[in-house]
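Just below sit the structures, each encoded as C-alpha cells.
Heads up, the next two complexes both have subunit A, just with different partners, subunit B and then subunit C.
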Partner chain A sequence: MLMNTSLKEWKGKIRPDGPGKVTGGIKYLTDLTFPNMLYGKILRSSEPHAEIVSISTDLARKLPGVRAVVTYKDVPGLNGYGIIFPDQPVLCKDKVRYVGDALAAVAADTEEIAEKALGLIEVNYRRLPVIDSTEKALEPGAPLLHPDGNILHRAGYSIGNVEDGFQKSFVIIEETYDVPRQMHAYMETEGGVIVPEPGGKITVYAGTQHGFKDRFQLSRILNIPEKDIRIVSSPMGGSFGGKDELNIQPYGALLALAANCPVKIHQSRQESVKAGLKRHPMKITVKTGADKNGKILAHKVKIIADTGAYATLGPAILDFAVEHVSGPYKIPNMETEGLSVFTNNGVAGEFRGFGGNQITFALEGQMDRLAEKLQIDYLEFRRLNLREAEDPGPLGQRIAPTNGATHVLEAIQKSFFKRADLRNEKGDLNERWKARGTGAAITMHGGGLGAGRMDPAGGRLSFTKDGKIAAAFGFEECGQGLLSVIETILLEEFNCLDKDISIVIGDTDLVPVSGSSTASRATSMVWHSLQKMKDSFRSQMIDLAELATGTPANRMEMGPGGIWLKDAQQSGEAYLSFADLASALVQDRSISVQTSFDFPVSPDATVAGSHFLYAFAAVIVEVEVDILTGRVKVTGMEQAVSAGPVVSPMGYRGQIEGGGAMALGYTLMEHSIIEKGIYLNDNFDTYLIPTIFDVPFEMITEAVEELYEGDEFGPRGVGEIGTVAVAPAIAQAIYNATGCWINKLPVSPELILEKVSFMEGDKWM
Partner chain B sequence: MIRQGTVMIDSPAIWMPENLADAWQLKHRFGPDAQYIAGGTLMQTHWQKGIECPANLISLERIKEMQGIIKSPIHGQAVTRIGALTSLDVCRQHSEIAVSAPLLTEAAGSIAAPAVRNKATIGGNIANRFGDSIPALLAMDASLALFDGKEILLTLLSDYIRMESSIKNLILVYVLVPETDGVNNGQYFYKKLGHREAFSPSILTVAGYCRTSEQNEILEIRLAASGSTSPPQRFIHTEQVLNGCILSHELLTKAIQTIKDEMNVNTDPFSSAGYKKAAAANLIVSGIVGKAG
Partner chain C sequence: MDVKKVIMATPSPQPVKIELELEVNGFHRQLTVAPAARLVDLLREDLELTGTKFSCEVGRCGTCAVHMDNKLVNSCLVMAYQANGTSICTIEGLAERSLDPIQSAFLEEGGFQCGYCTPGMIMAVKALLNYHANPTEEQIKEGLSGNLCRCTGYGGIIRAVQRAIKNLNENEIEGAVGWKK
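So, the complex of A and B:
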C-alpha cells in the first residue's frame, strides 16, 4: 500500500467526510425521513420485449394504505428521459423493451403495502421476439426496437490507408475481443426522498452525478419550471457513472405530487440489477500490422457495442471508444468503425472508464501479440510506437502537449526490472500446480466531455457573515473524496485552517453550475475555478481588512485563522481574525466571487467528443495461475499514473487502488449474464465482486506529477484511469504464466484449464 | 395475464419447541405450511429470491439434544459428537474439532463469510444437501443421528446423501465424526473451488482420505465432491479401482478418467459440467498425491 509522491506530509490528512463514512455516522439521502412520508415502489416489466395490451391499477388503488398509483397517463410533461436524448419512457404506454422498464409506481403507508399493491397491478402483455444479441438486432428484417431502427449510433475515424499499411506489414494480428456487462455494484442502491413543497415546488433528495441535469430532465417530465425544482444530491454511497442518469427520481416526484406527501423510494438490490445501467459489452474485431522493426503500420478496428434498450449515454461512450482505439501510440494508417446497437439486454450506459476499458483491452492485447510474434520485449515494443509530447491527439486534434505516456512507461519499466530481481529471490517459484507470470499495459485517457459538447464549469467563493471562506460547487460527492479535494486546494491557496472554511456542494438552490461530476473532471475543474477566483477573492478580503483596520492592504496577507501582517513577527495569532473581519461586512458590503467557463477543448477538433487533456497510466501485475483448476489470482499490482500534480494523496491512491480492484473484478469474475433478455445473476450471491481476499496485498501507486513545460492546466482527475489498463495487464500476465492468450472477459478458468497441459514433461508422481 | 411477484405482508408464526418430540408434532400439525429453521441463513436467501416463506417456522434452537460438542466412544471407536445446532464458526474455531476433525475445521472456514458462519449451523449445512461441509464429512466417514418422531436413528452420511427427499422431514440431531487417526499414515485433503477467493458459492468442493502402506499401497480411500449446483457424492467406483493398488503416475492418470466418468454434475450458467469434472479430478488426484508427490 505504498504511494510514491513528492507531496508534503500535511496533504495526507484525513478527508473531512471520512470519519462519518467509516463509522456510519453520516446520513445518506436514502437515510432521510420526513413527517407523513410514504414509501414508493416501481413496477418493472417482467418481459424483455412485449406490447402492452392493458394495465389495470384498480385493485392496487383499492388496497388499504395505498395513497397514489401512477401510470403513463399521469405524466404531465414529456414521458421520456435520457441524458443525450429522451428515448426512455418514464412509464411505458404501449411497449416494453427490457426487464427494467417501468409500468406503474405506487406510494403507500409502508413499503410492504406498496410491494403488495405492485402485485395487484394487472399487466397484459403480448410477447414480441426478444432481441438478445447485437447479431440478431442487425439481421435484415429484425424487429425494430425504435422507430429509427436498431442502430443507436455509428462512429468512425480513418487516417491514411490501412490496406496499404497491411501490404507493407511484416506481421499481422487479427483477433476479436469480447468484453462483458459489468455492474457498478455501488453499496447504496438508487434511492432518495422527494418532498412536495408549497406552491407546487418539489425538493428531490436523491443521488446523482449532475444535479442541474436532473433538474432539467425532471422539469421536462413534470412540466414545472426548473426554478421550482431543488435537487439535493450529495453524499452518495457510490455511483461510478451508474447514477448519472435519472433512476428513481421521476417516480418519486410523480408520486409525491400525486399524494402531496414526501415519498421515499429505495431500490432493493434485485430492482437495482434489473433497472440499473451496466457497462457496455462490446465485441471488438481488430487487425493490426507492424513492420520488421516493430513499427505499427496499420490498425483496423470494428466495435460493436450492445447498448441495450435505450440511448442514455451510449453514443458518447462509443465515440470515446473510437477515439481511444490507438491509445498512446502513433499509427499512420487506421480505420475504425463503431456501432452501438439496441437490444433487449437491459440498458448499458455510463461506467467509470467510459468505453476506454473495453477498447484498451483490445488495443493492448494486439500490442502483446505483435510483440510476441516479432520477438520484441513487450514494453520495448510499446516504447517504439509511443506518441511524443507534441504529437497530435488520437483523432488528429491538437492536445495539451504531454510526456505522460513516456513517463508512465519508464516508471513501469523500472519497476518491471526490480520485480524480476525480486522474483528471482523468491524461493517458492517452483511450487507445484502453480504458474506465475507478470504482465503490463498502458493507457491514455481523455478528461472532460470533449469537443462540441456542453461542458460548463464554475464555482463560487464567498466570505460569510460568520467569518468562513465558503466555497460552493455544483459537484457531487459520490465517494471519490471531492470534499477533500476542495478543502486541500482552499487550504493551499489561502494558507488557512480547516475551521476557516466551509464547503457547499450538491444542492441546486445553493451552488453555481459546475457541470457534471463525471469524466474525471471535478478535481480538475475545482482547481481551475480556484485559479480564476483566488486573486479577486484575496484582494477583496485584504481590502475589507484595510477598511476594518486602517492598515494598508499591501502590508497584509491571508493566513491561518485570519489576516496577518506581512512584516510583523508571526506571533502565533492572526492580526485580524476572520470572525472580526466578518463584522466589517456591513449591510451592502459582501465578498463573493463567481466564475463560469468551459472545460478546455482542442482548438481544432473536427470529431465530436475529441479531448484536449489526457491522463496516462501504466499497470504492472503479477498473477498466479492454478494449473489444476485454471483459476487466476492477482498477487501484485502497481500503477504509475501521470495526471499532473496530486491534490489529495489519500484520495488519489484511493481512486487508483479502488479502480484497480474494480478492474480486477471486471477481468476475473464480473459478468451480468443475460439470457433471452433476463438477468441470471440478480444479486450479489451470484454476481460476484472482489473481496479483500481477491485484491493483492501489494498495491503500489506511483504518481508522476511532472507536467510538460508551460502546461497550465494543473491536476487532471484520476477517477477513471485506475480502471482502464488493468485487464490487458492481467491477460498478458496469464499468457506469460501459461501460454494461453485471453481474448474474452471475464477470464475463463475453463479456457485456461483446457489450454494448459501441465502434464507435459511433468508427472503426478 | 402474467402476474409479477407476490410478497407476504404478514410475518410467519415462529414456534420454539423445547424438545425433539414437540418439534416433530408441530411439523405434523402444520404439514407443508411449516418448515424447520435453525440459523436460517440459506432460507433467507431463498425468500429474497421470491420463494415464499411458510406461515410457520419451527425454530430448533432450544432443543438440548441438538447442542454441544462432546467426545464419546461408540463401539470402541473414539467419536466426536457435534450437535446439529453448532454454528459453523464454532466448528471452525473449536479446539476439540481442530484436533479430532481438522478437515471439518478447514471446511467450516471455507463456507460463506464470518457473519453467516456465526448464524449458520452444521446441521443446516448438511440438511440443505449442498453444503461444503458434506465432502469433508464424507471423507471422514461421518454418521448422522436423525429423529424420526419416535427415536434417533444412526445413518452413515454416505447413505444419507443417496436417500430421497422423503427423509427431509427427519430432524438431524447431531453428527458423529470418527476421530482422525494420526498414526496410520492416512492423509486427508479438502479443496473448495469458487469464483473468487472467499465468500463464494462452490463451483466444486472435493475432499478425501487416503491411507497407504510404506510401499505406497492404498489401504483405505474415500473420495467425495459436491458443489452449489451439484449434489454431494462419494466416488465409490474410483475408490474400488484405487484400493489395493500401488500409487503411481499411471494409476493416478487412470483415476483422473475414472473420476470424470463417475462424477455426476450439471452445466450451470457459470461453469460447464466438463470443467467441473476436469477440475475435480485434478484436485482430487493432487490431494491423493499430497506430500507424497
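So, the complex of A and C:
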C-alpha cells in the first residue's frame, strides 16, 4: 500500500493528543508547576577524568534562597544507576569519568539562584590522563576506568570457516568504516518535576521510556519501596532512546526529599549535551569475499565501539550490532568479534536503531563494493545473496518465517526503474558542476529486547463506572503516536467510537507492567495484548448486557456507543448505551481483564539477545553533489518497509519519514565532537540537524503489509527501521555521482572535495 | 595536576525589577519582571502560557517562536523590555472560536509527532501564509527554515502547509458567497 493521507483515511483518526499539541494546551512534564516549587540545578564535572580531592558546598548553602544542596553523602541508598548494571554514580565521590558526571545538586527559589549556587561549590580535582580514544583505552598499561578494566563487553559469533571461504573467493573487499557520535536532539531537553507526597512517598513527573524501570532504579537509590514511588512519564517532547536511562530524576528526587518541596529541573541544551547519551561511534573493519557468480562466501568483521564512561545499555547494543552483521543475507562463513570499550568520551547508549545503523552502513558498503568489483548490478547482487522465508536468523536461530527481505527489495527495484525513466525524461543533467546519483540499500532489524532478556509485556482492559472502555498500558508517548495506535486497535476490535474509550498510559500507579517503550516493541505488544484480552472482555460485556436487559447474550454484540442487537435493523442507535450498561455494574461486579506475557522469542536461540521477529526496509535515494563546494543534497528518498499490517497510516509514514531525515542528518551533517574528553559542539548553532532545506520536499513510504502464511504475530513496530539503511543508500548514491567511496560519516564537503580533486573517480576531468 | 577553583562570595545585589505593559493574545497585561528576563520567560513563567517552548535559547530552533507586532520572532532572543508596548500572539492566541485552519491542517496531515516544535512551527506557518497566500516550495522552505523538527522529517509539516493553503483558499471562496464557517 502506498501511503497517502486522503481525507477518508484521516477522518476519525486524528491523534488523541493532537488537539492539545496544535493549540499549545498540552502540558509536557517540563511545563508543570506546583505550589512552593523550587528549581534544581546539577553541578557536572569540568574534568573528563580526575580524582576528586574535595567538594565544598558551604558557600552555596549560605546563599540566600538556596533550600537544599546534595552530594554523594546525601544518597541514602545505592549511589549508582544503569539499566544493565549500576556503574554510574548518581553523585560522584572520589572520581569523575566524563564531563557529564554529577558532583552536587542544588534546589533554590529561582533558577538564577540555583545557578549561582553551583558557582559557589568548590571542587578540587586531581587530573588523570584522559582516555579519549578506544585505541588509548586498549593500550597495555592504560589507566583503568573501571575496576574490571576498560572493556565493557565482548561479543562474537562465528559459523563455518572464514579463511576457507576467503580462499575460495574470487574477489575480496577489505575496508574500515568509521561512524560518528550522533545526538538524539529531542526538542524537549530532559526535565520534569519531582513532588514529595505525604508519608515519605514521591511522584516523579519526568519523561522516560520505561516508567517501571525508573521506579526500580529510584527505589534503589532513594532507599524507599517501589510502591511509594509513582512515575508519570508522558507526554514527552521526543526521546529516540535518549531518555531511556535515568537522567534528572535522581537529583530531583534527592532535592525534593531534602527540601520537602516540589523541585523542577529542566536541563538547558548545553547541560543536555554534556550529560546525555549519544549513539555509539564505531570503527568497523570488514573483510568480505565472494565467488565469480556473486555468492558471498566469507565475512569477517571486527567492531570497536566507543561506549564512553559508563555501561547503560552498551553491552546490548554491541550484541545487536554483532547479530546484524550479515543483515538479510545468507553467508556460510562468518567470524565477528566486537568490543565495547570504556573511554572518557561522554556516555554512549541507547539510540533508535540500537547498533543496527552502524553495522548496516558497513555491511551495505561491502555489498556495493563487491557488486562493483564483480560488475554485477548492486540490487541484483543483493538479490543473489538474500535470505529466503524459512531460512534461520542471522545467529542461526529459528525466526518467524518472513519474505520481508524479498518484498522490500522488489519494491525498491521497481521504483528504481521508474526513477531511471524519470531521470531520462528530465534530462537536465547539464548543470556542469552538479553530479547526480542514485543509491539503494536494504536492512533487516530485530524487534524486542531479544532472547534471554527480561522482556515482559501486558495490558489491562476495563469497563468504567461512567461507561468507558478503558485501556491501560505501561507505555509512554514520546511522540511516536502510541495513543493513536491504541485507539485505532480498540476502535477496530470493538467497533466502538472514540468517545467510548479512554486510554491511560505512562503512570505507574494506574497501569500494568508492559515493558519498555523501546526496541520497536510497543505497537506490537499493544496489538498482542488486545488479541489476548478482547474475547474475554467482549463476552463479559455481553454477559453484563444480558443481566441488565434479559436479552440472550447471543443476540447482542458491541458496537458504536453501546450494545447492539445483532438481528435488528441497525437503526442508528445502540440497544443499550455504554452509560446504561455501566449502571448495571453494581458493587461486586466489575469488568476488568488483564494480561501479562513475554515478547515472543526464538525457541532455540543460543546467543543472548537474538531476535525472533524482524522488520525489513529498503531505501532508495537520489543525491546531487556540488563538485565545487562538496555539498551533498538528498533530492529524493523512498523507503519500502515490511513490518506487517499498518495500524495507523499517518503514524507509520511519520516514523519512516522522520527516521529517514534523522538518518540523513547522521550521514551528512551530525557529529557530536569530543576532543580530549570535552564536547565542542554543545548547541544547535554548532551541532546541526536537518532543517526543512536539507530534506527532500517529498518522501515516499511504501508499506508491504503482507505477512508470511500462518504468521500470527501481527504488526511489528516501525520506530527504528526507517533510520537504518539510509546512510549506505546515500553513500552508494554519492559513489554513483562522483566515483568516490564513502567509508566515514558524516560525509563532509571537505572529504568530497578532497576525494574529487584527487580523483578517485575520473568522471570530472 | 591539581585544579582548584577560586571562588569569591560577593553579596548579591538587591534584585531590581522593571515594569512592562503589553498586549498578549488580545489581553492587556501589566507585569513586573527582572531586567534580564526574556520574552519567553515572561510568557512561560509570569503568564503561564507554556504553549511556547524553548530548546536551544540561542535563536536556532524556533520552538519559542511567537508573533510580536505581527512579525515572527524567537522569544528567547527578545528581552522583556523590548516587548514593552508591543502586541504578542502566541500559539494559545491562535484559535478563536474554532481552530485556525493551519492548526486543523496539522491535525489532518500529521504535521507533528512529539509536538514540541509544533507551536513554534505553526506560528511560523502563520507568518508565512500572512506574507504569501500561495507560497512556492522555495518560500515554504525559507519561511520554515528557522524551525527545527526532530520527529517528522518535515514531510507531515509540508503536507500540512499545503493543506492549510487549500483550506484557506476554500474558506475564502466560501466567504465570497456569504457562507458561514
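Here is the rule we use: the second predicted complex is superposed on the first by the 745 of 765 C-alpha atoms of A that agree within 3 Å, B and C clash if a C-alpha of one lies under 4 Å from a C-alpha of the other, contacts with A are read in each partner's own complex, and residues count from 1 in each chain.
One rule holds for everything that comes next: a residue touches a chain if its C-beta (ideal position, glycine included) is under 8 Å from a C-beta of that chain, and two chains touch if they have at least 3 such contacts.
Computed from a predicted structure; not experimentally measured.
In the superposed model, A:Val22 makes contact with subunit C only, not with subunit B. In the superposed model, A:Glu47 lies in contact with both subunit B and subunit C.
Touched residues of subunit A, counted separately for subunit B and subunit C, are more numerous for C.
Of the two partner chains placed by the overlay, only subunit B lies in contact with A:Arg432; subunit C stays clear of it.
In the superposition on chain A, A:Asp685 contacts both subunit B and subunit C. When the two structures are aligned on the shared chain, A:Ile14 is found in touch with subunit C, with no touch to subunit B. In the superposition on chain A, contact is made by A:Glu122 with both subunit B and subunit C. Taken together, the two structures place residues 46-47, 112, 116, 119, 122-125, 683, 685, 690-691, 693 of subunit A in contact with subunit B in one case and with subunit C in the other.
By the touch rule above, subunit C contacts subunit A in their complex via residues 1-5, 7, 9, 12, 34, 44, 48-53, 55-58, 60-61, 63, 90-92, 94-95, 99, 103-104, 106-119, 122, 137, 140-141, 144-145, 147-159. Contact residues on subunit A toward subunit B in their complex (touch as defined above): 43-44, 46-47, 112-113, 115-116, 118-119, 121-125, 270, 432-433, 628-631, 633, 668-669, 673, 675, 680-681, 683, 685-686, 688, 690-691, 693-694, 749-750, 753, 759, 763-765. Those residues of subunit B that touch subunit A in the complex are listed here as 1-7, 9, 45, 48-49, 193, 195-201, 247-249, 252-253, 269-272, 274-275, 278-279, 282-283, 285-286, 289, 292-293.
The touching residues of subunit A, when paired with subunit C in their complex, are 5, 7, 10, 14-15, 17-28, 31, 33, 46-47, 50, 53, 59, 62-64, 112, 116, 119-120, 122-127, 184-189, 235-238, 240, 268-269, 478-481, 650-651, 653-654, 657-662, 664, 683-685, 689-693, 695, 697-699.
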